[in-house]
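As written, the chains take the letters A, B, C, D and E, and residue 1 is the first residue of each chain.
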Amino acid sequence: MSLLAALSTEVPLLLAAATEEGGHAELGDGGGLAAAAWLIPLVPMVAAFVIALFGKHFPYRGWDIATAVMGFEAVYGTFLLIAHLARPIAYEGAIEIARIGSFPIEWGWVVDGLSIMMYFVVGVVGFFVFLYAKGYMEGDIRYTWFFASFTLFAGGMLVLVSAPNLIQLIVGWELVGVASWLLIGHYWEDHANSSAAIKAFLTNKVADVGLFIGAIILALSVGSFRFSDILHAVEEGVPALAQFAFWAGLAVFIGAMGKSGQFPLHVWLPDAMAGPTPVSALMHAATMVTAGIYLVARLFPLYLTEGFADEVRSVIIIIGALTLFLTGLIALVQDDIKRVLAYSTLSQLGYMMAALGAGAYTAALFHLFTHAFFKALLFLGAGSVIHAVHSNNMSDMGGLRKYMPWTFRTFVIGALALAGIAPLAGFFSKDEILASFRYAGSAESGFSAAQGGAGLANIVLVLGIAAAFVTAFYMARAVFLTFFGEYKGHGHPHESPAVMWIPLVGLAVGSAFAGFLNVPGVTEFFTELVGGRAVPVLDHHAESFDVVVVVLGLAAALLGIFFGYRIWYPDKATQAERDRFHVRGLYPLLENKYYIDDLYFDGIIRPIRGPVAAGVNWFNGHVIDFVVNGAGFLARGLGKLVYAFDQNAVDGAINASGAFTGGWGELLRKVQTGRVQQYATMIVAGTVLLVAGIVIAGII
Amino acid sequence: MLINGFLLLGAALFSLGVYGLLVRRNAVLILLSVELMVAAVNINFVALDRFLGDDLAGGQVFALFSIAVAAAEVGIGLAIILLVFRNRQSANVDELDLMRL
Amino acid sequence: MIDYHAIAPEIILGLTVLAVLIVDLLPVPKYFTAVVGLLGLAATVVPLLTLGLCESLAFCTETGDRVMLGNSYVIDDFALVLKGLFLAATFVALLLSVGYIEDDRYWQGEFYFLMLASAFGAVVMASSRDLLTLFVGLELVTGPTFLMAGWRKGDPKSNEAALKYFVIGVLSAAILLFGMSLVYGVTGDLTFSGIRAVTAASTEPGTLLSIGVILTLLGFAFKVSAVPFHFWTPDTYEGAPIPVTAYLSVVSKTAGFVGLLSLCYLAFAELRDLWGPMLWILAALSMTVGNLIAVRQDDIVRLLGYSSIAQGGFILVPFGAAVAADLTGADLEQMFFATVAYLVIYAVMNLGAFAVVIAGANRIKSTAIADWAGTSTYAPVLAGLLALFFASLAGIPPIAGWFAKLAMFASVLGVDSGWATVLAVIAVINSVVAFYYYAKVIKSAWFDPVPAAIPAAELRDTDRRIAPSLKLALALTAVLVLVLGFYPEPVGLLSEVSSTFASGF
Amino acid sequence: MTVGDFFTTTENWVFLLIALPMLFAGYKVVTTNNVVHAVLALVGALAGSAALFVLLGAEFVAWTVVLISIGAVIVLFLFGIMITRAPIGLEVDLSHPRSARISAAVASGGLFVLLGSAMLAEFGDEVIPEAADATRTDALGLLLFQRYVVPFEVVSVVLLAALIGGIVIARRDPSPDEPAGTRL
Amino acid sequence: MFDNGLALSLVVILPLIGAGVVMAVPKANESAQKMTALVFTAAAFVLSVVLAIQFDYGDASAFQFGTDLDWIGAINSRYHIGLDGISLPLLVLSTFVTLLSVIYSWEHWPEPHNPKAFIILMLVLATGMNGTFVALDLILFFVFFEVVLLPMYFMIGIWGDRAETEIPVFKRVTEMRLYAAIKFFLFTLFGSAFMLLGFLGLYFRSGDAGGIRTFDMLALSELGRAGVFAGSFGMWVFAALFLGFAVKVPMFPFHTWLPDAHTAAPTVGSVLLAAILLKLGTYAFVRISLPILPEAAQRWAPTIGILAVIGIIYASLACLAQTDMKRLIAFSSVGHMGFVMLGIATLTDIGINAAIIGMVAHGVITGLLFFLAGSMSHRYHTREMARLGGNQQLMPIMGAILGFTAMASLGLPGLAGFWGEFMALLASFNPLEGLSTGLFRTLMVLGAVGTVLAAGYLLWMLQRVNFGEPKAEWEGHHFHDVDGYEMAAWAPMILAIIAIGVFPRLVFGSTNDAVVALVNAAFGG
């Protein structure tokens, strides 16, 4: 820890010059620890380049650096967390990198509850995943390269999280996108993988249009890219901002939809499975998909305050609800274990988004927090299974319980946590979200119709509970198909090496106990954590459990597990019964993911890449160039014409006159008429004409 | 004496010369036509000189010079005609079409 | 009392003409004649300089314009500049001839005599300020060139060129004479100043005077081969010996423009409404027709023939600016300036182009553009110079041509008139078209492979080396186009001083 | 003044007596089918002009015409005709065929009409003042060598050039035959 | 040396002197020719960097290191040069890229070999480009602007692609290089001829107003501010200038010479063309059109904006249809310049700043892309992307650099390309008062959509070129990866891309004050 000691003392002094003084009186400025937090984004970025360029020469070919970096992040995150809980920190540091007109452009770092929570999650979860990756990626063709881009991935996320202004956020945002593109397309020899990577990138890029526009509107109407300035403007109710707030909020939310895989921009996430499993783990748990949630949370006052973007919340809650329900259903029919998890992630993200829509800031972030642990755990577990059986399909698995005990135990913990079984982490967070829906549906919350309205909130509550059932159901299915019954695959599966299952255990602990950070009426650590911001977020804070919701939620989960057991537990049900589960009409719909992918591909991408592009190209060659070349050819044609006239005009004249007087003989004669007198004739003719002109002019 | 009488005579002879220059096939005859035109111009000059009573006698002097120049031209012209004739045994200009394109 | 200093150039040049004639009869080496001619031309420049720099010379007592013979012969800056131009151009043309004529089986010393005599005529024209002197000078310029065109006596093409040129020449001379007689008859005066005074007095020129003016100008339109009086040009250019063609396209053409300048801006200065529109039309026609036809040519000399027609059109453009309703003295000077500047630069670059063509034809034994393909591979310097001069003709900076074009555009845009602007646009489009065929030659020399028909050994053999005189000519013109391209100021100055009288008395 | 008055003055009669034959001669020059006749017709025209000059009181010009034009030039022409063996005597197609002649006639006729109309418009019935005394040759000579000295010198060069150049061009060469179109 | 502007003149003239020296070197002695070229271009670059250091950024809106000498008295045109915050980055870019081109060419001579001629042309080109960026007299500007034509014409025509191509519609087959060369030339000549008319128009009108006629940009800007060129006169002159500049940029619909020229040109030719020549047009808009014709500029701005955005979308779509790598990059240039023009069209300080950094970024990025395309086609002897799959396997480093550059080109934040695009969009949300915000906001959205398309074609290009298994035809071929000279030429560009991306002050620091001053002067802030 000498490093940190050094950080907390020297670095701030070093930086005092470069940074302009941020910090806020009522909240602590976090001292050197916060002042030095610029290391959090910077270290991994630098590390990524170091690994890419020199990683091969290190003892563990880059893994060592990467993991060390994540270790550093985890530790730093933890320290900040502790410091924050000791005394809330709200610190902002910035370096001006340019000034355009009157606009300052800055790199900076923000240290407050929200970002600290993210630092912590990214650091800790990331650390475990990197640890695990050593075993998983062993013998990969591009081992070093993988860790380089993986570090870039995490680094990008940290840049995003540490951003005090929209510009830097966008930078991090896109860095994450690029890193994901690299990682998803890690095995680019296979066309499908690179296509999946491009799909992810482009889908996000589409959403980024929204983010760009939103950022532009906010920045221009406030006069600064800084979140703090924007949110202060919201506090003070600056009219210039209020005027455009709705559109800005909507645009920003569209951006968030992309990264956080909200319906209908969720299509890229399942395909992102093409990447190595650790990538999926990190992507679904801590980085990338959480970015959207984080962004909305970061700008939450904008969405919360009347007269600003509060009406966007109706959109947010609807989108969230659709996502959490529809994507959950798809998970029911997936055979690829990773895809099951992927769709479950989408569904959980739906919960978070919907919660934000309902105004439940804390609940949403809390679910993000817990979800990070158990989803990472589940993915890594699935990874170790896949590692063992060399297949993603659950139909090739079964009975792995006895071959890989650690994997089994941890996976079950994760599954239960996801299903929301008390007292695991998932229970508390999901319960808070459902409770927040109920609160929003109740009278005392001023959840106006424009913002969504009570009725909507109640519908979403129902959907949420239904989705809880669905979640439990498909997780049960996954567990039973994978770990129970007879092994249906080939070869001899075996437990993964320690370097892989130790992280599982670590994450399992997190999944088990993270929930206790925020037990309504008991502990409020998390509330204080994320509440500690320069601009406070005033969201409803439940004093105690909402019994109704607790009962319904638990019931739904247990019911789901029970049904899962009835249908999927080996020998519990005949194939016929399982087939009956393949409801006609609904099943193919789910199988084909509501045909959305096909719609995008056949309806948009293919036309643009095909006929439209070809058409434009044709236009270029055949219309514009036609004019250009046409002019050229015209000039030459004209030249030919004029030349012909120049050389034969008089012949023509005389021949014409000769034609009627002399007939053929005459004509033949003309053909070799001397040119001199033709010229002379032309001259005389020209002269006579000019003179005639003069005379006529004189007469007039 | 009407000045126009002389001028019209000059114009007439000039036009005749133009006509000849256009219709004659034989180079020598073309040259003759040119001589005719010059003669016409000279009539103009001298008549006008007298009409204006130019004490610098500009018209007469001009006539003198044009006569001299015309003589020179005839010399040059005949030389060229001889040259052409020697190469193609004919002084008919309408057989000159080497550079017809 | 005669001002010998003023007419010293004419005297020296006249003596040179005779000297050449005599030296040719003496038993001395062939090239001697040429050397005498060159020295004579060089010597003639000396009095020009002393006259031009009179203010700053001790012995030169009387400064300013020197008017003599009752205002019919004037030595002013315009005259001096143009005389200088004529002498320099003739000097280069003579250099071109030396190698050519001496290699030729038809060598005759009289050739130089004729060329110098013709140049003498041009020099006289530059100073002549009355119709008579102008006419006689013009005849002296033209007469010898009839004979020079036919110099390659054994070559029917050459004969033909001479005869055609002659017939058209005498025809236009007759027309010119008739026009002059009418002008004289109506105005009663031969001197430009007199004519101007008369026309200034009368409000509306009578029809007869108008006809006279038109016919007079047409006589010169033929000299500058303006469309539709250009027909003789391509045939003559193609048939005549190339140095003669060079001489015709530069000195003889410039002489024609000198006539136009002094007539339009002095004698007929008050009749702008008359010659303005006429020359507007001729300019537009010459540019367009010349360029369009040139696009079709595949013989490099014939191409240069049409190109010179087009260039003539560009030079006429400033005259066309006279269509403007009310012209200030500044506008007139601008127009005059443009013409002179263009003439100077045109002379340099066109002579250069012809020099290259002579050198190339000497080596390739053909003037078909197709046979010039791949010149850059065996004669890079030649190809480079070719590109240089043709690019200059196309008017591409930083090679001299651009300044000429600039001045030309400036002259038409300077006056406030829609028609003038239209002319400018026509000129712009033409200058783009023009590049197309200049580029065709450059392309052939640089981009295309050597035609299989021509044996490489033949191209590389050394006994076809370029005559030193030709080298000198090439060097002179090349240096000039580059220097004037980067620093056109000299041209600017000369044209400026020479354009002073354009604004009026 | 009326037509009548025109015929009252003798000079006009003289003028017509000279002018009409001149016109006829000029017409023959450009139309006759006999080269020699054409030349002789030109002689007639030139002689007529000389007569008119005398009538106008410009003797010196008149004599110059007689000496140079009629004397020298015509002889030159006859030489030329003989050397070029231009067909002496009747010859069918000295001129271009009819069609060409028609267009040429139209052009030149038009020219005449235009010029004539303009002349009439310009001078109407103004008459040449009575020549008190003919221009005296010595005065003309002085003018030539003072006022018009430059043109005079120049013309001398023109003649010299024409003479020498003509000789060079006209004289037979050692090896006259050379294929067409080849340079060098 | 710095106060009398000698240094600045040297930056312009040095390459020309170099060309002269190379001319004197015998044809056989290639190494000497290369060394000369290197020495002179390096000298010019170093000198320009020294200028950049000496430059007084506090006073960036003023012209520094200026010279003002008599040149052509007759038309009162002067040799007036100077450097301000706007031209400085472009001048450095120009010398920088030229130097790298020389280094790159060291071992990569296009056929037919003849380095001597090639070097001479390169150096002449350099003088033209440097001169254009510092000229403060319209005629001087015109001359430099045109100087670049001939060398580029020869580069394309002599060293260009000899493949046969058929002109659509007219069905006439010709060699690529011949068609491209003449097309390039006629297009540019056509435009610049009208530009010249425009200049002359200004010249005479300035005489009518200020008494003394002048071509001096500063004097004319003063007059323009005073409203001398207002009204239809201004509109026409602007149109004439627009024609000249838009062809050079190139803007839709005057762009069609560009893909052909780029595809046909030798590598270095394409690089210089893309990196610098295109900037001459955009720079001219900022330097000449806006300050001298503010009123006309405001009336033309919507047209320019619309054309710019059409260009963005149109070019991106065209890219999607390309099978030839170089041609694709060429079309992408049209799109990028579209963003630059959009920035200019907003007539705001932000927009013009964006335009300038956009120019610099595009210069480095697309220049590098053309280097890469050249080196790859040099190795594969084809530019058909269909045949290039799996390059990442055959040449990992080359592939990586290509990927990096493509990312920069699609405007990845944190790399140079981002600032130009994003700031242009930012500016078009709030254009100058008086311009239709509705229109420009629509343009903003469309432009943003354009960025998606850009990402699309670049990613698909990478997929086709870099990814997948190598094609069977390369079985057994050995491709040696990026060599020393290429590295030496490319590494600086890569660093520049990152540096500008991370620390845009490198450019904005110089341009901002100048731009703000310009906008305030022309459009009253």
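To be clear about the criterion, a contact is a pair of C-beta atoms (placed from the backbone, for glycine too) under 8 Å apart; a residue touches a chain by one contact, two chains touch by 3 or more.
Since the model is a prediction, treat every value here as computed from it, not as a measurement.
K.L.:
Looking at the contacts, which chains touch chain A and chain B alike?
P.N.:
Chains that touch both chain A and chain B, as defined above, are C, D.
K.L.:
From the centre of chain C, which chain's CA centre is farthest?
P.N.:
Relative to chain C, the chain with the farthest C-alpha centre is A.
K.L.:
For which chain is the distance between its Cα centroid and the global protein Cα centroid smallest?
P.N.:
That would be E.
K.L.:
Which chain has its C-alpha centre farthest away from the C-alpha centre of chain E?
P.N.:
Most remote chain from chain E, centroid-wise, comes out as D.
K.L.:
Please tell me whether A-C or B-D has the greater number of C-beta pairs in contact.
P.N.:
B-D
K.L.:
For chain C and chain E, what's the span in angstrom between their mean Cα positions?
P.N.:
41
K.L.:
Counting only Cα atoms for the centres, state how far chain B is from chain E in Å.
P.N.:
65
K.L.:
Could you please state the distance in Å, as a whole number, between where the Cα atoms of chain A are centred and where those of chain E are centred?
P.N.:
About 34 Å, centre to centre.
K.L.:
For chain B and chain C, let me know how many angstrom lie between their CA-based centres, rounded off.
P.N.:
26
K.L.:
Name the residues of chain B that each touch 2 or more other chains.
P.N.:
Residues 7, 14, 17-18, 21-23, 25, 27, 31, 51, 56, 61, 65, 69, 72-73, 76, 79-81, 83, 87, 93-94, 96, 98-99 of chain B each touch two or more of the other chains.
K.L.:
Specify, in ascending order, the residues of chain A that touch 2 or more different other chains.
P.N.:
As it turns out, chain A has residues touching two or more other chains at 632, 673, 675-677, 680-681, 684, 687, 691, 694-695, 698.
K.L.:
Touching two or more other chains, which residues of chain D qualify?
P.N.:
Those would be 96, 100, 103-104, 107-108, 111, 114-115, 117-119, 121, 123, 147-148, 151, 155, 158, 161-162, 165-166, 169, 176, 180-181.
K.L.:
Counting only chain pairs that touch, give me the topology of the graph as line, ring, star, complete or other.
P.N.:
Topology of touching chains reads as other, fitting no named class.
K.L.:
So, with touch as defined above, which chain pairs make the list?
P.N.:
Result for touching pairs of chains: A-B, A-C, A-D, A-E, B-C, B-D, C-D, C-E.
K.L.:
So in the complex, the part of chain A that touches chain C is made up of which residues?
P.N.:
Result: residues 632, 635-636, 638-640, 642-643, 646, 675-680, 682-684, 686-687, 690-691, 694-695, 697-699 of chain A touch chain C.
K.L.:
In the complex formed with chain C, which residues of chain D make contact?
P.N.:
114-115, 117-119, 121-123, 146-151, 153-155, 157-158, 160-162, 164-166, 168-169, 173, 175-178, 180-184
K.L.:
Can you list the residues on chain B that touch chain A in the complex?
P.N.:
On the chain B side, the touching residues are 18, 21-23, 25, 92-97, 99-101.
K.L.:
Under the definition above, what is the set of chain A residues touching chain D in their complex?
P.N.:
Those residues of chain A that touch chain D are 653-654, 657-658, 661-662, 666, 669, 673, 677, 681, 684-685, 687-688, 691-692, 694-695, 698.
K.L.:
Given the complex with chain A, which residues does chain D contribute to the contact?
P.N.:
96-100, 102-104, 107-108, 110-111, 114-115, 117-118, 121
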